[in-house]
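Both complexes below contain chain A, partnered by chain B and then by chain C.
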Partner chain A sequence: MRPILLSGHERALTQVKYSRDGDIIFSVSKDHVICAWFSINGERLGTYHGHQGALWTVDVDPSTTLLASGGADNTIRLWEVKTGRLLKTWDFPTAIKRVEFSPDGRRLLGVTEKRMGYLGTIVVFDIILEVDADQTNEPSLRIECTESKATVAGFSYVGKYIIAGHEDGTVSQYDAKTAEQYLNLTVHEPDIPITDLQWSADRTYFITASKDKTAKLVSAVDLEVLKTYVTDTPLNSAAITPVKDFVILGGGQAAMDVTTTSARQGKFEARFYHKIFEEEIGRVRGHFGPLNYVAVHPEGTGYCSGGEDGYVRVHHFDKAYFDFLYEVEREQAKI
Partner chain B sequence: MAPSYDNLDAEEELDDIEIDYSDLRDAYEVRLEEGLDAFVVIDGLPIVNEEQKEKLIKFLLRKLNSVGKVKEDGVFMPLGDNGKSEGFAFVEFAAAEQAAAAVKQLHGTPLDKRHTIAVNKLTDIDRYGREGRIDDHYEPPYIEPFQEKEHLRSWLGDPSARDQFCMYRGDKVGVFWNEKEDPPEPAVDRDHWTDLFIQWSPLGTYLTSLHKQGVQLWGGKSWSRQSRFAHPGVRLVDFSPNEMFITTWSPEPIQVNENHPVLSLEEDGKNYIIWDVATCKPLRSFVTLDTPGPTTDEHGNPIRKKLQWPAFKWSADDKYVARMTQGQSISVYELPKMNLLDKASIKIEGVMDFEWAPASPRREGNRNYEQIFCYWTPELGSNPAKVGLMSIPSKEIIRTRNLFNVSDAKLHWQSDAKFVCVKVDRHSKSKKSLATNLEIFRVEEKGVPVEVVDSIKDTVINFSWEPKGDRFVLITTPEIPANTAVPPKTSVAFFCPEKAKGNAVGNFKHIRTIDKKNSNSIYWGPKGRFVVVATIQNQSSFDLDFWDLDFEGERDEKDKDLTANLQLMGSGEHYGITDVEWDPTGRYLITSSSWWKHQMENGYHLYDFRGTLLREEHIEGFKQIAWRKRPPTLLSKDQQKDVRKKLRDYSKEFEAEDLAKKNTATRAVVEHRRRLLEEWNAWRQRVMEDLEDEGVDPEDLRGPQDGKEGEEPEEGQVVEEIVEEIIKETEEVVG
Partner chain C sequence: MSKVAGRTDWAEEEDEDIGIPPPQITKNKDGTETIVTYHIREDGKKVKTTRRIKKTVIKQVVNPRVAERKQWAKFGNEKGKAAGPQTDTTSVAENIVFRPMANWKASADDKSEHEKKKAAVKDAKIKCRICSGDHWTTKCPFKDTMAPEGADTPADLGLDDAEPAGGLGAGGSSYVPPHLRKGGAGSGERMGGKYERDDLATLRVTNVSEFAEEGDLRDMFSRFGHVTRVFLAKDRETQRAKGFAFVSFADRADAAKACEKMDGYGFGHLILRVEFARKST
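Now for the complex of A and B:
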């Protein structure tokens, strides 16, 4: 499993995303540029220029037509994937920490930062899935986070709920149409921020990563914690693998402490845990800074990680990865 | 229960008001200065008449003046009506302290066969002997009913002979049973059990905890407190080899007020206290001796001197404890009275260091019971440096040896006191280069012959005897070039005696040297044969090498005359390693990385003696791990031999047991996993059913599918990529 090293960014990576087909990887970093890469060989397809500040987040719609990005220049921008053309810019009073398309691609969600007297909000725009369409200016939905700001958010299965992870370690469930809050539960250690929230393939459950050194598998329906994965380092990201019942966790020593510690102590490794048994299976080394994001190929054939060190590492799984089974899983498979 | 010193017996909830304090008030009532503190009363004197009185007073004065100065005409011996004395006398000393000293030292001294004097303070007589203070009726003292104490060695009765270790992490201290690969089984785990660190007593009976107020010993099955020693500010503690006595030390002198329940004024201003473990009473206290030499460096900054620890060194049988006054003398005290042996320190001019033999030595042609210590003195003027062996209590010097050009020397006893190796760092005449000689004294042989190993070119930085054996390992390093950041490479050298006839131990020969290592520490297995050479507390290397000195395989031709067959069994690496310890049986080795030294990957590794990593655990705030020691076996030599003979049969039993345990363990794990998997599948099914009830088509869950609109899925597109790779490039000059 020799990784492909994508070295196109000049600063720390903040998010990496696969397209729905898994053929293209989009990456954003603090250097203001979005890059698109072929996942199969790591060749760069192109870049998207226009943002005026560090980028925090990127997402692509399921048909790989439109690309949304958000960053510290207080804008969400919509791009044409194919040409790199800027289609739309939404301005906000504060930075954008997270964007995500709904499963059908017809809605776009953005999480805004709490700063300068503005509360953190979650906004939703209705999107017309056509390149030349005139996109709406006003959000169709606004959720204000009065208790604790949202750090991450996403749409559940069929876009029914909006699930948000908060800075105080709680997760809340909103109705995606009415913005009514159904649930707010403390999932992680109180007052330790949730850093990532990624979905299972069918979006009925999701995984959260937190600085409290754990990742949790949570049901989207009732926010019940199904599994807990305990590590020894603050986590920045967690992903669920299709095909195999694994989860991949990434993190490491906080970026500000890195220069004072050795790579070994930083624990800059991608960790594989068994999703159901909660046991660690293996680690993948390589980054020399903390992992800021891990993303899994939608077909489950590989994963990529973006690090504070400015590199994206793309891994294609070997046969051994697919052959690996616990005894009880093998039993189950036979039946 | 948090067993800190403050709230030890917290379970007894007491109501302040109901307590009768009168006994305490009587005992501790603050006494005002009465001006009579310099007076003592001597009782139990012989009855004398007028003429004999002068003689008796003269006799008494001789005794009294040995502890203080009696005032002129300070002895008043009243005569009764019949012209005879009453058997008592009043004495006035020049100062109250002298009176106190007289009470302390003279009380109960016999004058002759029939008379033993009782010396008491006048104020005390008034305090305790006043009318009404003494009940006319004799009441026998209340004797506490006998309470069965827990067996302090119960852990040795473990059916599978597991060993225990104690672990200090965060604020918690726990004792665990070693379970090899599996998580250790906790025996006890408590919060805030110690303030500083933990320590096992030398035979493993007690667990020692250190607190601001003193030292506590814990033991027995319920881990109850066995004893406590009040030494405010205690920082270090040291046991005598047989756990009979304990030394405590604090950097700050102890401050005792008169009403302290355990300590008396005697202990005031002292740093060391030697205690009797059985009674928990202090035996004697001492102040820290400063090592001679300048106290400030050339810039006038105070030099922080390294504390000699233990300063009080115990003989192997707990009968003597000795302390050196560097450059002058060694003071040997006899236990349990703690009196100076023959009332004088042993003068050894220039003495730099000394070590007791770790066992009672058996010397050829000497049947007397003696303990030995070894000492060395540097070159003084034209006298050469000297190493000596002195026998105690006879103070006979058994052997001395003169040495030249000595920079430093270290004394290493072999564990049975068969040999003592003096590692002598010698400088060349120009004093520019250093080399090390080993002077090995064969203590058990007639005349204590000395063998010199002078084949070592470099400086020896570490030396270690095989316990209960006669082989040793040393680590050498070449001269350190000035201004280099990287420490020089080290070499590890193994030595053993040649084969000799009979039981004799042949000459020490070099077996092998392993060059280009970083190793700096040697850890012999407690039963000998196996040794681990490690690099600890190093920034860049963390290796461990496991050696066997009696390898049972093929023997090298050149080693055929040696009593060892060296073989590297395994190697390991433990990042950030700070400590290494063998378990008391020599089966397992724990390496640890302590939070005290650095904050990187704190935790421990457990190896077996071959170097196979059995278990590693990272624990946040991990500070200390220590194996519980074991007392020596109670089996006789023959019984031990018998066990060794039947080892194969026994091991079958144990292997079967291990296997059974493993099988049940695996079965439990598999069972657990199966349950998890079933639960998960059931949950998934439930979710899917619920979704269907909601009217969600499972097909929609993955978002809009390509080809759903009826178009045929495209054939996989073939992307051709040409990769050029230069295999070889040659350049030829044509012409």
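Now for the complex of A and C:
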């Protein structure tokens, strides 16, 4: 497996995302620029300019026409994927930590930071999936997180619930239409923030990553913890692979702690765990800083990771990855 | 001559026109291409780049949506750039072997354990005979002020010729045979010594270059058969070879063959002399 190294960013990567067809990778970093890359050969399609601050998050709608991004300049911006044209800017009092389109692309969710007397909120905008449409100015839904601010959020299957991960290690389930909170459960260690939340292909369950060094597979219906993956390093990201029953975890010693810890070796790797047996099956090294985000190709043929070192590494899995089976799985396949 | 008129610096003009030869593309027999390009670096030096590439066409059937997007014009910082990955933003990293395996953790632990042991052995090799520190005796900071461990004679008595090996043991006035003296056990001119060794298949190699290593000798002699032991006498102070060595074979026939072939063999700048070791007295 020869990874493709994308070095278009000048500062630490914060998020990388595949388009629905997996052909384009969008990456955002703290250098204010969004990049679009073809996943097949690493060719850069273009860059999106306009943000005035570090970018924290990016998402693309399922038809790959609109791109949403949010960052430390307190705006969510909507872009035309094809040309890099800025279509719409929504202003907020605080930074945007996460944006995500609903599965049908008609709604856009944004998570705002808690700061300067403002509570952390989750806002939802109705989106018209056309480039030249006049997008709404006001959010259709607003959830205030009074207890603990949300760090990550996303839409469950058919956009029924909004699931949010919080700074205090809890996960909440809201109704995506009425904003009513149904559940709030402590999934991770109390008071240790959840750093990532990514969905399975059908969005009935998701994986959360936390600084408490674990990742958990959680059901979207009742927030029941299905599986737990224990590692030896704080995690920044976790993703579920389609085709094979694996999960990929990324993390590493926080950049600010690297110089004060001796055991830095071997922490900046993507860790592969078996999704069902909760057992580590391998690691992929390469980054020389913590991994800030891992994203999996929607067809399960590869993955890419964005690191604190400013590089995106795009991996296409080889045969050994697809051939690997546990003894019991092989037995099962024979029957 | 409109080109010249537009440019005042004739030297620069020449540089661009003649200084950079056009790129050459040569097709090789094995299907690869050699591309030679020239460019001028920022510091004014001309750089020649030779790349040998192999082109493989991989056809892939994709969704029409994906195919259409592949044809999109580039924009932003990439605007106007040629199709295909640009070398400044995209590169291929070194190959990574990724083989998923059950109980990966256990196997990884085993490996690190093994490496730890190896490292421990490596560390143990270096031990100062003066202060027992982990450096060579010659590098010891106390070598002028302290005597080697176990040697009673202080270094400043003027007994320069009395090497640590030759120094009397702690026993006192009674005579101690050389091979029982302290310090003689580590290394030195021990020929058989107190160990009863089967010397029938041992060769004595003399006139060895002082830069020789035991590994070199082992490589040379293992061509003739299984070598059980290689001993290269080294000077204690300089760690250089003293010029002779012993090589033991498992089989006497191999030893005989090696003796015949290697006697007179040129190694380094000297000619080796190889003979069967005489039983030490």
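Basically, the second predicted complex is superposed on the first by the 328 of 335 C-alpha atoms of A that agree within 3 Å, B and C clash if a C-alpha of one lies under 4 Å from a C-alpha of the other, contacts with A are read in each partner's own complex, and residues count from 1 in each chain.
As a working rule, a contact is a pair of C-beta atoms (placed from the backbone, for glycine too) under 8 Å apart; a residue touches a chain by one contact, two chains touch by 3 or more.
Everything numeric in this text was worked out from a predicted model, so none of it was measured.
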First, second, both or neither for A:Glu130, with chain B first and chain C second: neither
Partner chain(s) touched by A:Asp232 [first = chain B, second = chain C, both, neither]: first
Contacts of A:Asp202 with chain B and chain C, given as first, second, both or neither: first
Contacts of A:Ser7 with chain B and chain C, given as first, second, both or neither: second
Superposition-derived comparison: chain B or chain C, residues of chain A touched: C
First, second, both or neither for A:Leu45, with chain B first and chain C second: second
Partner chain in contact with A:Tyr326 - chain B first, chain C second, else both or neither: both
Chain B versus chain C as contact partner of A:Gly282, first or second or both or neither: second
First, second, both or neither for A:Asp104, with chain B first and chain C second: first
Residues of chain A at both interfaces, chain B in one complex, chain C in the other: 21, 40-41, 326-327
Chain C-touching residues of chain A, taken from the complex the two chains share: 1-8, 21, 23-24, 33, 37-38, 40-49, 64, 82-84, 246, 272, 279-286, 313, 315, 317-318, 320-321, 324, 326-327
Residues of chain C defined as touching chain A within the complex: 60, 62-63, 65-66, 69-70, 72, 74-79, 83-86, 88-105
Complex contact set, residues of chain A against chain B: 20-21, 40-41, 62-63, 103-105, 157-158, 201-205, 219, 221, 226, 232, 261-262, 264-265, 276-277, 326-329, 331-332
Chain A partner contacts - residues on chain B that touch it in the complex: 575, 600-601, 618, 620, 670, 673-674, 676-677, 680-681, 683, 687, 690-691, 696, 698, 700-704, 706, 719, 721
